[in-house]
Amino acid sequence: MKAKIAFIGLGVMGYPMAGHVASAGYPVTVFNRTEARALKWRGQYSGEQFSTISEAVKHAEVVVTCVGDDNDLRQIYLGEHGVLANAPEGILLIDHTTASAEVAVEIGVAAAARSQSFLDAPVSGGEQGAKNGALTIMVGGEPTAFEQAQPLLQAYSRQAVLMGPQGKGQLTKMVNQIAVAGVVQGLAESLNFAQQAGLDADQVVEVISKGAAQSWQMENRSATMIAGEYNHGFAVDWMRKDLAICLAEARKMKTSLPMTALVDQFYADVQAIGGGRWDTSSLLERLRHFHKP
Amino acid sequence: MKAKIAFIGLGVMGYPMAGHVASAGYPVTVFNRTEARALKWRGQYSGEQFSTISEAVKHAEVVVTCVGDDNDLRQIYLGEHGVLANAPEGILLIDHTTASAEVAVEIGVAAAARSQSFLDAPVSGGEQGAKNGALTIMVGGEPTAFEQAQPLLQAYSRQAVLMGPQGKGQLTKMVNQIAVAGVVQGLAESLNFAQQAGLDADQVVEVISKGAAQSWQMENRSATMIAGEYNHGFAVDWMRKDLAICLAEARKMKTSLPMTALVDQFYADVQAIGGGRWDTSSLLERLRHFHKP
Amino acid sequence: MKAKIAFIGLGVMGYPMAGHVASAGYPVTVFNRTEARALKWRGQYSGEQFSTISEAVKHAEVVVTCVGDDNDLRQIYLGEHGVLANAPEGILLIDHTTASAEVAVEIGVAAAARSQSFLDAPVSGGEQGAKNGALTIMVGGEPTAFEQAQPLLQAYSRQAVLMGPQGKGQLTKMVNQIAVAGVVQGLAESLNFAQQAGLDADQVVEVISKGAAQSWQMENRSATMIAGEYNHGFAVDWMRKDLAICLAEARKMKTSLPMTALVDQFYADVQAIGGGRWDTSSLLERLRHFHKP
Amino acid sequence: MKAKIAFIGLGVMGYPMAGHVASAGYPVTVFNRTEARALKWRGQYSGEQFSTISEAVKHAEVVVTCVGDDNDLRQIYLGEHGVLANAPEGILLIDHTTASAEVAVEIGVAAAARSQSFLDAPVSGGEQGAKNGALTIMVGGEPTAFEQAQPLLQAYSRQAVLMGPQGKGQLTKMVNQIAVAGVVQGLAESLNFAQQAGLDADQVVEVISKGAAQSWQMENRSATMIAGEYNHGFAVDWMRKDLAICLAEARKMKTSLPMTALVDQFYADVQAIGGGRWDTSSLLERLRHFHKP
């Protein structure tokens, strides 16, 4: 029989992920802080719903979490009503939150002290990837725990890769976000330039998007950027959380992220003009705030 | 019979391009400032070689040029020994140099005054694209001139697109270079971060290179960047020339390219450590100059 | 009779500050984590020395602290062996550490709950200012507490100003550091440029240091920068701590510090070449790491 | 008797400078492209006015120029109606325009070929300095020419210093502008931060303006910046011209000006919101465009 799964955090990402788990035939119990959302989930998928974390995890064999940030993780994992204190020994804990490597190690150590295994397993692929069960999962932790997790992760991912010990999953996700920051700012500047220069920006993209300037962002976001639509994915507020993690990590390593630091500040400008919930491609709107297309 | 082509400038790009023209059956005359290279070309392809521009263009129906920068263009096109003064009326002039929109308009106007047609037609695709006849060509000029040029351009391109009147070819190329600058700096910071964080950078790239961080640069340059090899393409000195053109153009338009301006300065650091001839991906080496991998 | 002062943290700054307090006739008890330094202090000034915070503060009327950062503050103020738990009700607490506004408010609230008054009172003026008793003190807290503190603060300051409620002292110090970051990077770039251009940099400074480019940094640091001496003040590691606080504060306010964020990254480069203990003017050395003078 | 002076360019700077020359008892002939302004000058000061450069310089012993940029200099100095062709042999030529080192050398060489001496002599001190005869003059050229110029320069300057051969005056001015760029952006970020943090920005400036953050800009521009007044000096459009010269010069030297390049782009944002004629301190308004005070 399949392992009993407790799923905590049914947000934009967690909701469909938990759905895939249930659809794959795992017995699932869910918990969501805002209970209405958990009830809705239970209406749509087969599974049990609990009002407390402790109940949700008590009889689980695997706990999966997907919440917001470091603070959320400390709240749901640590403390007397949290996951660690209430889940059984020997349990496997998998966290899909994008958070710091530090908190991953902190929870990992605390889990080990209770003979529990923890994997930091942030994802990429966005809401679309979660809905389609096609996420990429970057995992940090013990190889045996990773092996154990594999079949479950397949329920909602295209690939799941073990990157090293605890924290390395988060660090890999950071590498991803840093690369994204450069691509998007470059794209924003190039599209703004194109329009200021009186070019047909869509046509320009068509012409240049096969060569050295090509990127996933160029292929998937240019058209909406040009149209001034910024509701197609990962929000600026989330991105700033992620970049703050990257920058804090780089600070500890005494290494340097000049462009990333600058783009992070540019996202503050986006927030200030009301774009906290716009998607990350709204760096173009920031330029347009000065330079009307 | 096919049109008589005069090809001026047999550098890294022009040499194979002129070769493709000859191989496609056009009668070709070539001129190269450093004659040895033109003689070598004549040894490899069928065509005539001349020691002066005026002789090379006198009986041509189309003149194709591919030289270094604005100054080079002014030298070969204008002046009494130049292309305009010595090519016949009605001739079609196609320039593949990456240069300013300004010089394109300047030559275009001077050509029109002599009833000659000028197209600014910068390319992307690099040495590889030139050798394989698979360049992308971004064209500015009159539609009729563009139509006339089409069959010839097919000899060495995958696509050639008319972007608007004179100068718009150059402006499109600029959009390309701006996007590249962001992508490459983002990639350099992300790979440096990965290595500082103790990750296997090649593995990280494998994992993240299908999603939102993906780019042509990530797919085609990460491995060599990680290996510290920077001899795979477009040189930093050339890139700075191009970025200078972008920045000058933006200055005229009073629009802003903050990340591009910064990356341009970072390339100055690369030049200062001897990397003027390294390829553009050497922004990673700049970071490594401080932060040893 | 003068109030009994407990002084905690006899570092570069605290040591001479506590000395001025003793010299001004206050009865002083000191505590330093590394006891040797406290013993040395007692040898030089008149005052008592204790091995624990609780003893040092038990009979004090004012507690003054000057430690490293937020974590240090939480350690010495909070917890059962800390200042708050062991100092009497009604006591005045003055902290000269450069730290976050957040920790100031946190300690302030905890102090108020015990009927104690807390002032965040970061300083500027450096080691020299501390030794000469000529610091500037930027204070956050209650006006009555500030009034009470005034005579004591005069023992080691040139000016002490109440900027608003708790946290505003720290915020004022942040404004200072942000301005410094811009001045120093500008100065570093200008001196590097001068030398690259073959100018006599000292002479240039002499000529331009009365006009629009003038700054305290230019007047007091140019000569040592040009000479490549970076041991004249506030260390890069400290500066990065301060800039991290500024950037975190700006993040919360969703306001933007683009140049500050960039300079902070440049300081990471300085750290990476071994300059963590160099003074902040070593941004010039970072440029020289690429561009030899 | 005092030498006969021809003064060309009666703009914001040249007008009062030429006035000081006349007031000092030199016989002056003036030329201004827009004649009305020259006539106004002649109404206010004693001196002759001519409608062409050639007449104005024909009988002069010293020519002083103060126009806009490199192009203007080429126009007024070179060509058959220009200064060089029409001024007598042996004449001393002094240019106060802020321009490139390159054009200084170019004119210097052309002048020498006619046995004329050229000094590049850009100024700092602004309109106020020009009016008060208190400019700082940074001179490039031959020592003998400089000696000859000294008494005249004293008519409108506080100090005039020979920095080296032709071009070195301009390079020194560039050093000045680079330092200014850093100071002003740092100041703008710090004042914006102060206001976002709810501090009284004027009070903050009062407190911090004696220490490490102090600058001429802080002392002379903070109050107007806080008040949102940007009509107190050197215009953004002029500053961008100057920064373009700095950046072009650094490009030739392959040295790096990262912060300067970034601030230059920020000034493009200021231009785009209509601030081309605002003074350089309007970098604060750029931040306020996102972040309302």
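We call the chains A, B, C and D, going by the order they appear; numbering starts again at 1 in every chain.
Operating definition for what follows: a residue touches a chain if its C-beta (ideal position, glycine included) is under 8 Å from a C-beta of that chain, and two chains touch if they have at least 3 such contacts.
Every value quoted in this text rests on a predicted model; they were computed, and no experiment measured them.
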**Q.** Per Cα centroids, the chain farthest from chain D
**A.** A
Q: Answer with same or different: of all residue numbers used at the interface between chain B and chain C, are over half used by both copies?
A: same
Q: Indicate the whole-number Å distance between the mean C-alpha point of chain B and the mean C-alpha point of chain C.
A: 53
Q: Report, in whole Å, the distance between the mean C-alpha point of chain B and the mean C-alpha point of chain D.
A: 38
Q. Which residues of chain B are in contact with two or more other chains?
A. 250, 254-258, 262, 266, 268-269, 272, 290-291
Q) Residues of chain D touching chain C in their complex? A) 101, 124-126, 129, 136, 138, 158-159, 161, 163-164, 168, 171-172, 174-187, 189-194, 196-200, 203-204, 206-208, 210-218, 233-234, 246, 249-250, 253-260, 262-263, 266, 287, 290-291
(Q) For a test of understanding, state which residues of chain B touch chain D in their complex under the given definition. (A) 240, 244, 247, 250-251, 254-258, 261-262, 264-266, 268-269, 271-272, 276
Q: Write out the stretch or stretches of chain B touching chain C in their complex.
A: 258, 262, 268-269, 272-273, 286, 289-291
